[in-house]
Amino acid sequence: MGWFSKSEVRRDTQKLSRDDIWIRCQGCRAHVFKQDYYDNLNVCPKCSWHGKLTAAERINLTFDAGTFDEMNASIRPSDPLSFVDGKGPYTEKVEQSRVKTGLNESVVTGTGRINGVQVVAGVMDFRFLGGSLGSGTGEKILRAANYACEHKLPYIVFSASGGARMHEGILSLMQMAKTCAGIARLDEKKVPYISVLTDPTTGGVSASYALVGDVNIAEPGALVGFAGRRVIEVTIKQKLPDNFQTSEFFLEHGFIDCIVHRKEMKQTLYRILSYYNRSGRHHGT
Amino acid sequence: MERELDFEKPILELEKTLEKLRHHESQGRGGHRSLIETLEKQLDAVRKEVYRNITPWQTVQIARHPHRPVLRDYIEDIFTDFVELHGDRCFGDDHGLIGGFAMLGDEKVMLIGHNKGKNVEENIKRNFGMSRPEGYRKALRLMRLAEKYNLPVVTFIDTAGAFPGLDAEERGQHEAIGRNLTEMARLQVPIVAVVTGEGGSGGALGIGVGDVVLMLQYAIYSVISPEGCAGILWRDGSFSAQAAEALKLTSASLLDLGVIDEIIPEPPGGAHRFPQQTADTMRSVVLKHLKELGALTTVKLCARRFEKFSAMGKFIE
Amino acid sequence: MGWFSKSEVRRDTQKLSRDDIWIRCQGCRAHVFKQDYYDNLNVCPKCSWHGKLTAAERINLTFDAGTFDEMNASIRPSDPLSFVDGKGPYTEKVEQSRVKTGLNESVVTGTGRINGVQVVAGVMDFRFLGGSLGSGTGEKILRAANYACEHKLPYIVFSASGGARMHEGILSLMQMAKTCAGIARLDEKKVPYISVLTDPTTGGVSASYALVGDVNIAEPGALVGFAGRRVIEVTIKQKLPDNFQTSEFFLEHGFIDCIVHRKEMKQTLYRILSYYNRSGRHHGT
Amino acid sequence: MERELDFEKPILELEKTLEKLRHHESQGRGGHRSLIETLEKQLDAVRKEVYRNITPWQTVQIARHPHRPVLRDYIEDIFTDFVELHGDRCFGDDHGLIGGFAMLGDEKVMLIGHNKGKNVEENIKRNFGMSRPEGYRKALRLMRLAEKYNLPVVTFIDTAGAFPGLDAEERGQHEAIGRNLTEMARLQVPIVAVVTGEGGSGGALGIGVGDVVLMLQYAIYSVISPEGCAGILWRDGSFSAQAAEALKLTSASLLDLGVIDEIIPEPPGGAHRFPQQTADTMRSVVLKHLKELGALTTVKLCARRFEKFSAMGKFIE
């Protein structure tokens, strides 16, 4: 029995091959026992390719058992633009996502403890409309930031997102400014903000709160670019390097502080948090 | 005119006729004065008619019109004593996003904006107004300089988007935009942002976090281009008009949604036809807001900006 | 008659050719009438190549007539290391420079007016030991910065320097930290600091106060790099581009705000100074 | 040993003899114990003798010794729980200048330093500890992070100089160093700088503006390399020893000149021979200063640093 049990939900999001016993690794293309994969925290036992996690799985993996306390769980998308596209109304997609994931939005926020250290966290879930940044997502990320600011608790956001949510049009874009306003306030008050980038963190999320952490941590091999690969190829008419836009690419280019294996993520977060010197210096004369 | 807009045909035809008549008249082969006057009135009416019923997709076309004024035009038309300041002090100088000290009437400001070219050659130099990270970093540097010198910041937004290129990614297009959003949120001087043409996604917002966000009537501002949206959500770029409609990217829609604070009206016929008139209106609207914001204390100003962007978005709780 | 008369001093520093009537331009290699060159502010009338100016010439050109008031003129080099090299003692070189230039150090500092605007300024003179950054230079630049800070007057430094002054060893290096400490304090107090880079501004001066201006202005064609061209060529075994390390090169690379012709320098400084909003915002609630 | 220093020959010969004898002894072919003891005492005496009379030029050679401990060694020997943080958030990650959170005893610090390699391969990756602008910008980023987290900064200086390359110039080596000097002057947390090997000019000072500047006994710190100085002022690189003498680049001279605050003694024989002993001494000296600086208020700290550097230099008035 792994660190969390297989769920219907997860099965939906993994690309299954042939039967229910094997899973095909998207990294090395090898077939590995599903159970081995799950037991290894959704990391390929052969090549260490990091598969996606649901928010619940990430929370289980990160916080001391029973310490995660969700906030603002009831926030869910409205349909401010009465948006209907070629595949139907936005509201239907939202309902499908809600049913599929059991979540109300693409991020779960709350407080929890990491080896005893109390923090505020946002954990995105890619299954919910591709982890897109909707008004509800932005609201939850901002409220959690405000809570962290008020209580001087470190803030950690685990990103997993394809970018802004088109169905909310410009309001989705505005969530980039909204969430960053929260991060700015945290910084003003000298409250730590750690950003964890998981596969994928792109578009409007990468261009707002995901890359302005005090420390930007990424999982190995995660796609963490801004523009879409195809858009770039069309624009510059040029082949892109293999590791383009991966964590490793951006580590070398100076935007990622460290790449951390999922197994070591909790301990690394704890170590970084331990350097936050809450006591403060004397500011007198 | 390089590109004629279909829906402008009635206007264009009348304009051509009138031009010919005026030419005749100016060469002494006159006698058309009363016809000219009639046609002028008719032209006015046609312009109003066409521009009254304009669709979002047509607005997109106006916003991208090759004759639509660009930042350089506004700098000449309404600003004085512009001192351009180059460079991000780190990697390069972006020609697609420029800035510097400038006067608007009696207000000293730091002017920053996307800068499309007016012809192919200039557009290549200016990368069609699509900035790389060094453009956003230059913008931030100038905003901090404005903070030091206690100058309000005025930004002009007109870009299809941040440049999607290999080099732009390498140098952290995402980080550069995210950093600007973060720092603009707490900048201790007033910020007035004006969407003048295309407000393309993160590349627009990257200099768009304003205490006041203004928009020219026929500008657009959107999370994604209609073409891109149609390609993804309709799986067919030919649905761009539908996407433009759905995205609510016109100034009127954005005012409704609370994303912009005021529309700067353009004459019927658009800014590409009446650049000076448009610029004059813009000048007075921007000045009005600069004066209002200038009366606020720094603390109040920053608190207001935080509240403003905190309130963006609609959700159910 | 030009804007300043020919002096013995200037004649020493220009590379004369053939006779006393003509001067050979180091930019276009053309022979131009000396008088034309002087009348044109030591700028080649044919190619606009900017020749060097003495501190006195720069001051005449920049400040309203009769407004420049020198400070700390008596500061001059000591010989802290009792330095003697292959060509003799440092003290002798200092004496030669003092006699040749009539200056006590490689920088002249003081207050003056630019179209009526009161500023504090430092003006380096390349003739004095190659404009090198000695202890006296650093002290004068810092004192002037402190004066500007105290009186909330904009500070302008015209640099012209080959770098640190080896003959003062580590103390010369420390002038880089010392001068920058003054610039930092100006910035803290929101007092403008404008750096004007003239040919050449290299080494320890380029790597201290010369490139950290609120606005960095350069004269056309000025050499404003850090490391010496030959050192770089030896290190990387590669030919360097023609415009390497010029003002134009660093404008394109993002480190220079604007390149300004000598004729327009005063007016440009005045225009920039006019944007300093001394009145200040309300900082209350 | 790749490089034997001439003046160390008496030491090296004794060391080799001793090594052989000990090897014999360890293989059971004994009987040399008393000889070994005699030679050990002799070696001690010779080391002391050689290192007592060391010249500046010999010090230069020790400071550059390929076995001299580098930052990575100190990280292993005296720091714990190092979390390396990469990148300047702008262009790249410099491998020649590294940094991150670290513990020194019970003190949490931000550790930043030049990082020479220990072999050719590593030296190529780390560019022989010669940083490019992105190294200095990473250093500054980490210092600002230290300021936010209220951690003192400890810097380790060991570089021939900032890298003199085309790319380094393009990206503003001068600006990067000048910016660091400016920002370090006002950083609101304590800074302890330690010159551990080569303190090469602006490249060293770029992370060297400390409230306290310490120096290993046989390290050097100079405005220019002796070779460079000889080449310019003697027009002949073979005068390097004279230049080394004239430049006053040893720890004793620098203490006299008021440029450093304390010498960290090395055992006779040098840090390359006694790395752990050297590291232990360094640890206690750095800790002592961290504790003293930690007791100061921020205002006092910054005022002291300003005064300290204001007082640098000697001139006549």
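So that you can tell them apart, the chains are marked A, B, C and D in the order they are listed, and the count of residues begins at 1 in each.
Just so it is clear, contacts are C-beta pairs under 8 Å (C-beta built on N, C-alpha and C of every residue); 3 or more make two chains touch, one makes a residue touch a chain.
Because the structure is predicted, anything quoted here is derived from the model rather than measured.
The chains touching chain A as well as chain D are B.
Two chain pairs are in question, B-C and C-D; the one with more C-beta pairs in contact is C-D.
Ranked by separation of Cα centres from chain D, the top chain is B. Distance between chain B and chain C, defined via averaged C-alpha coordinates, is recorded as 41 Å. Mean C-alpha position of chain A lies 33 Å from that of chain B. Chain D has its Cα centroid 54 Å from the Cα centroid of chain B. The multi-chain contact residues of chain B, meaning those touching 2 or more other chains, are 89-91, 171-172, 175, 179. Residue positions of chain A touching 2 or more other chains, listed in rising order: 187, 211, 253-255.
Chain pairs that touch, as defined above: A-B, A-D, B-C, B-D, C-D.
Chain A makes touch with chain B in their complex at residues 72, 74-78, 80-81, 83-87, 105, 134-136, 138-139, 142, 164, 166-178, 180-185, 187-188, 203-204, 206-212, 224-228, 231-232, 235-236, 238, 240, 244-245, 249-250, 253-255.
For chain D in complex with chain B, the touching residues are 89-91, 137, 171-172, 175, 179. Note for the complex: chain A touches chain D at residues 187, 190, 192, 211, 214-215, 251-258, 268, 271-272, 274-277, 279-285.
On the side of chain D, the complex with chain A involves touching residues 81, 83-93, 101, 108, 134, 138, 145, 148-151, 188-189, 296-300. On the side of chain B, the complex with chain A involves touching residues 162-166, 168-175, 177-179, 181-186, 201-202, 205-206, 208-209, 221-224, 229-230, 232-236, 239, 242-243, 246-249, 254, 257, 259, 305-306, 309-310, 312-317.
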